[in-house]
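Shared chain: chain A. Partners: chain B in the first complex, chain C in the second.
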Partner chain A sequence: MNEVMTEKAAQNFIDAYESARTVLPGADGWLARRRAAAIEAFAGAGLPHRRLEEWKYTDLRQTLDKAGFAPAPEHKGAVVLPETASASAFSALDRHVLVFVNGRYRADLSKAARLPKGVELRGLADVLTEQWAKDLLERRFDEARQAEQVVDLNTALMSDGMCLRIRKGVKLDKPVHLLFFAADDGASHTRNLVLLEEGAEGTILESHVGEAASFADIVTDVVLGNGARLDHVKLQDESANAVHLATLRGEVGAEARLSSFTLTLGCGVSRGQSFIRFAGEGAEAQVNGAYALRATQHADQFCVVDHAVPRCASNTVFKGVLDGQSEGVFQGKVIVRPDAQKTDGRQMTQALLLSRDAAMNAKPELEIYADDVQCAHGSTVGELSKDALFYLRSRGIPEAEARRLLVLAFLDDVIALAPHEEAREILRGLVSGWFEEASI
Partner chain B sequence: MAAVRETVETVGEVEKYKYGFSTDIESEKAPLGLTEDTVRFISAKKNEPAWLLEWRLAAFRRWLTMTEPTWAKVTYPPIDFQDAYYYSAPKQQAKLDSLDQVDPKLLETYEKLGIPLTEQKMLAGVAVDAVFDSVSVVTTFKEKLAEAGVIFCPMSEAVAKHPELVKKYLGSVVPTSDNFYATLNSAVFSEGSFVYIPEGVRCPMELSTYFRINEKQTGQFERTLIIAEKGSCVSYLEGCTAPQRDENQLHAAVVELVALDDAEIKYSTVQNWFPGDEEGKGGVYNFVTKRGDCRGANSKISWTQVETGSAITWKYPSCILRGDNSRGEFYSIAISNGHQQVDSGTKMIHLGRNTTSRIISKGISAGKSSNTYRGLVSVHRKAENVRNFTQCDSLLIGSKCSAHTVPYVETKNPTAVLEHEATTSKISDDQLFYCMQRGIGEEEAVALIVNGFCRDVLQQLPMEFAVEAQKLVGISLEGSVG
Partner chain C sequence: MLEIRNLHVTVDGKEILKGIDLDVAAGEVHAIMGPNGSGKSTLSYVLAGREGYEVTEGSILFNGQDLREMGVDERAAAGIFLAFQYPLEIPGVTTMTFLKTALNAQRKARGEEELDAVRFLKLVREKAKPLNVNDEMLKRALNVGYSGGEKKRAEVLQMSLLEPSLAVLDETDSGLDIDALKTVAEGVNAMRSPERSMIVITHYQRLLDYIVPDVVHVLSGGRIVKTGGKELALELEKSGYAAYGADAA
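Entry: the complex of A and B
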């Protein structure tokens, strides 16, 4: 019985592949073979479940079986965004904007004109004939292949995505904003490709909104050349019926810098995974995030930083506030390979439990094969400090206000790590708004 | 006898492991391999009652359906469980009335190991139960303990004399179905210590067990059970060694501790099984299940371990904090050198209100070794006001070794305050330079710095052990610098 149950969602994806095979981008070229191999591998492994150590706290198989997502339909015509702060989050900024509805690029709603010379910004289908896109799609990002299972699913079914290439030494003039809107129920598979050549710089803002019961499967592959610099700010605020699965795979060249920040507010079940590998010395990676959950929300942050070469620095900080019966998960791993001397690897996870029924699971791991390194990790879980509350109340601040101040202060120092200054302010506003709605 | 070939002479050459000799003593063994008959043989040898045989057989049948755990960060060739002896006992003519009748060769062995068995030679205050391969050889200080009402005897004797206690507590902390090695142990355990401290008694002396594997190709499967009744208190020490052999020997022990209301148990281990030679050949596989149950309110269980030996260590002394206000502690030093692999840590399961726990783990890896801390702190929904502090530091000596930290933190109660911190680093050149500049040799300087690094844990050991452990830390790291 159990076996039949568990295969349901996986079978749905395999069926979806069979029926869409001929119309998916790249159906007539090399990608078709790559997709066929990927779906075969996926069919063999199935969806990840709790018995896999990396998925110990999030049962994606069960979640998707229960939800039973069909492929999301292609949405044509006008789109009305919900009137939420998240939906209009980055709209006040001067930016290039790419809109994806149900996982498909909508040129008519996007606005990315007059890009600087040396910047290419296109949909997935348009770059498949180019060598750099092929290289990225075939690259093996994580040697441990921990992401493989879900990436195979994405490779087989990816229907669209944003592809950004910035040529050597070019700086993107303003942020690229990717707005993903789930207008209808169903599953979508998106693949974003980002290549920043030597010395290139750019900022990507990403927001995921919608009120549909959707499953967003997003894989973003990033390659940073020597000295390149990418800032990435992501906001996820989808509906309580939605499932979000985002995988970021990055390869960071010598002296390059990747700074990524994720704010998670929405979704019934979400999993954000990052796999960062250093390919050249002197590089730096920041993978940080904040989450605020309520009701029965479940958010899993999974982060692996692979110090494959010497003299790199990485920092991972995730902080979360858990209300209702929500559950937070942090799983992190810093790997320091033999010879990756002078590594500086840091990892921190902190969670604040606001309700009796909230739960937190953390597993910050270190795996170290070199001796001349500085590595540290920390993990704390607790409720609001009674002393701090008392202190504020004794100065005439009402309890509700005091709690708000303390929670916002708790999240503020991780939001301060978000790379783009104006985006940072927007995230602060969203967190504060989240708190207004919360019944704490 | 094959054992003679590789005995005392070799010890001189390899000073590092001075317990590497074996004793040429005639022994009685169970037939090679493991079948239901082996289990029956062991049970019959021990004159066990029917219920215990059934208990063993049930465990054995269960074991046949289980598979070895593979999640630990250790690698070794598959173990052939049929190519080992599961019972070995020194042959003796008749029942012994006093110490004088113990085979003098045996006594000599223990003397070499530095354990004064004869009461005359005893420093005041340590009662020893010595286990040689599969049987307990002698238990000292029996009368004095009996006066206080303390029962301290080999497990087989406890089965015969106090069956009601054994029946009540055996397997109540580590059930027979717990894990692969604990189940194996339940089927074939042959010896171990049994300790019972009656209500309100402070055990008048430190209790101690000494384990030694002597026979070739044998596994050692002891089972220790300590029960501390209400308001009682006991400190227990355990030490282990084995001869140097180029085959791998299996040690799969189970230790169960039960602390009732207001009771306190302190369990200290200095584990120095043979770690294998320079090429990583031989050594003991130390696959041990140790668990304490703070069953009563205000009870306390404290584990202290110094792990320097064994080719592979797979060991997680844990505390189940069931009683309100109970406390669990885990202090550990795990030193690995050569080709040793250590995967060790603890579990603190908070079930009761106001329970607290503290974990201090110091891992030191040198040579080509791998050293992993793996721990779990879990707070259940009804456990209010839980407090945990975890600190695990790793020190790396040399560029070929590795250190890993895998802590799990699971909380279902908002009133819990949990803190975890870990660092990994190497011995700083400044510290080393400082010592050497003052005329201290490099190896000695490393030992000194490492001792400082471990101080928090060493302080937890009972006095007699602390001194020895400090020396052991130095010895274990010999040959790791330069």
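Entry: the complex of A and C
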């Protein structure tokens, strides 16, 4: 037995695979072989730890070893969502809604009727026999293989997920809202597949809520055909005992546009990682986010944009506020391949520390092999301006309100990058509400 | 209205004000003139309650209340307003939001009803018009990208809206051309009333041509070294501050 195999959490996942492999979706076909290969690779590599550069600030191995998550049970009965603004976020919007409880799709709680012709929206098990799903699951999204360990884990254990396919030229009539609710303690593994064919358009809203000690492992694979457009807004707000690991892998075709925004109100430890690759010229990717953390929350944002072809534009902005003893991480990389002339790649991270005990680690990187490009990156960490606070208070605005105004102002320009107008307003409200609970 | 007795103030361990006595009665406009470094701005910050300005001796009473016991926003709600020499830029907060938040916070602190959006908008437009502040300016982030003149007009708009009983104008003339100065001065003069006092802090006599004071004080080396009528300002314009123990003119 090698050293990695002795790791408790990794062994738990391997055991979980052994006991579930005959009942996991796709157990009788090509996927069973794919899962077996994935768990073998995972067993060899183990869970990511701090000695890996891309995991330098978040020790997933230690976190999961300590937490010791068993597989989350299947939840069949009625569910009661927490009475929080996050749990009811997006609910006022006209949308198709898919509800996942403990990582499993609950058709009885979902509402996705009367989809436009050319739009397919189904659970993972339903699509495994179809070629497009197989193509997505076998696609190599990230050349650098930086997500490999966690994607292998997900591939081996994925039990459900949302699969959205929009046919050529079809526009989704209203957003698809994925509501992930952790009702019980334990680990769940979700795989979402999104295929937008040439010229197709759609919006996905995603919320992750719950008060359980849960481990959510989500991988979302997105392929955008030429000229397609996907807007994606994600909200994550889970319990202090929860661990959240989300991986977005995207391939963006010529003249296509991916716009993704994440609001992280966090949980115990969260990591959101995005791997975007341009597959055709003239494409654009926006991968942005805001976070607000308190107590001992830890949130890690990791983003790689691979300019593999010329004339693409990418923009990544993450801004956050950190209170208490919370810790934020941003690691990002823009890769510009030798042929990717006329690339426009931008990356910015800014954090505001509201407490002396909060900490921020930021490492934006550019890796440029082409010469005719425009690239920029930057990082700032600061405190609320005492002068600005004094100015606001000198007009009669109480200190707590002055702080709230300044923090909302700090986050406002990044929230403005969220793609869906109504969702954007909802996010603004959530951040404002976060503040009212804040102890500062 | 305002009674300052033997006020000593230390900033970063250094004594800046060394025993100020000043009485400002309701309805009076006092000018405080003096060379750079004489303590003019320190006096204005102490009145507003800025952190780091430590009163080591003496007292400040505002309408009988001990100011030292009051926080910055409490002083504002009680009726003290400081027009900043360098108004801060606040990205992400529109001037409109800022004005509404400030006015309603003060009203709330005084136990008055808060204004709804409609009544507020009507009021702010009425106050903004004579100061040439248009809706477009109100929708912009507070002071961000404002010219020097726009910043000072925005300060006077805040004052006009908040209707303080004691307004302290710190070098409001700095950075203004003559037309902007006139607009600002008219705005200030429109607010003169028997219930409202003003302290106009300035290095130059020019502003006092437009905002004519009742009393002029000369501050030098952290003390008030001379007090007189408005003619004192004209004297200073001719003789400079050299006679008061300062090199700077």
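Criterion: the second predicted complex is superposed on the first by the 434 of 440 C-alpha atoms of A that agree within 3 Å, B and C clash if a C-alpha of one lies under 4 Å from a C-alpha of the other, contacts with A are read in each partner's own complex, and residues count from 1 in each chain.
By definition in this document, contacts are C-beta pairs under 8 Å (C-beta built on N, C-alpha and C of every residue); 3 or more make two chains touch, one makes a residue touch a chain.
Quantities reported herein were computed from a predicted structural model and do not represent experimental measurements.
Touch criterion met: A:H377 reaches chain B, while chain C stays clear of it. Applying the stated contact rule after C-alpha superposition, one finds that A:A240 touches neither chain B nor chain C. Residue contacts after overlaying the shared chain place A:A41 against neither chain B nor chain C. Residue contacts after overlaying the shared chain place A:A388 against chain C, while chain B stays out of touching range. With both structures placed on the common chain, the touch criterion links A:E53 to chain B but leaves chain C unconnected.
Look at A:A358: by the touch rule set out above, it reaches chain B but stays clear of chain C. Looking at the shared chain after the overlay, A:E399 reaches chain C, while chain B stays out of its contact range.
Set against each other, chain B and chain C differ in how many residues of chain A they touch, and the higher count belongs to B. In the superposition on chain A, no residue of chain A contacts both chain B and chain C.
By the touch criterion stated above, chain A contacts chain B in their complex at residues 53, 338-339, 341, 351, 353-383.
Put simply, chain B touches chain A in their complex at residues 71, 381, 394, 396-426.
Contacts from chain C toward chain A in the complex involve residues 48-51, 71-73, 75-77, 81-82, 84, 87-88, 90-93, 97-98, 101-103, 105-106, 109, 141, 158, 162.
Those residues of chain A that touch chain C in the shared complex are 385-388, 390-399, 401-402, 405-406, 408-410, 412-413.
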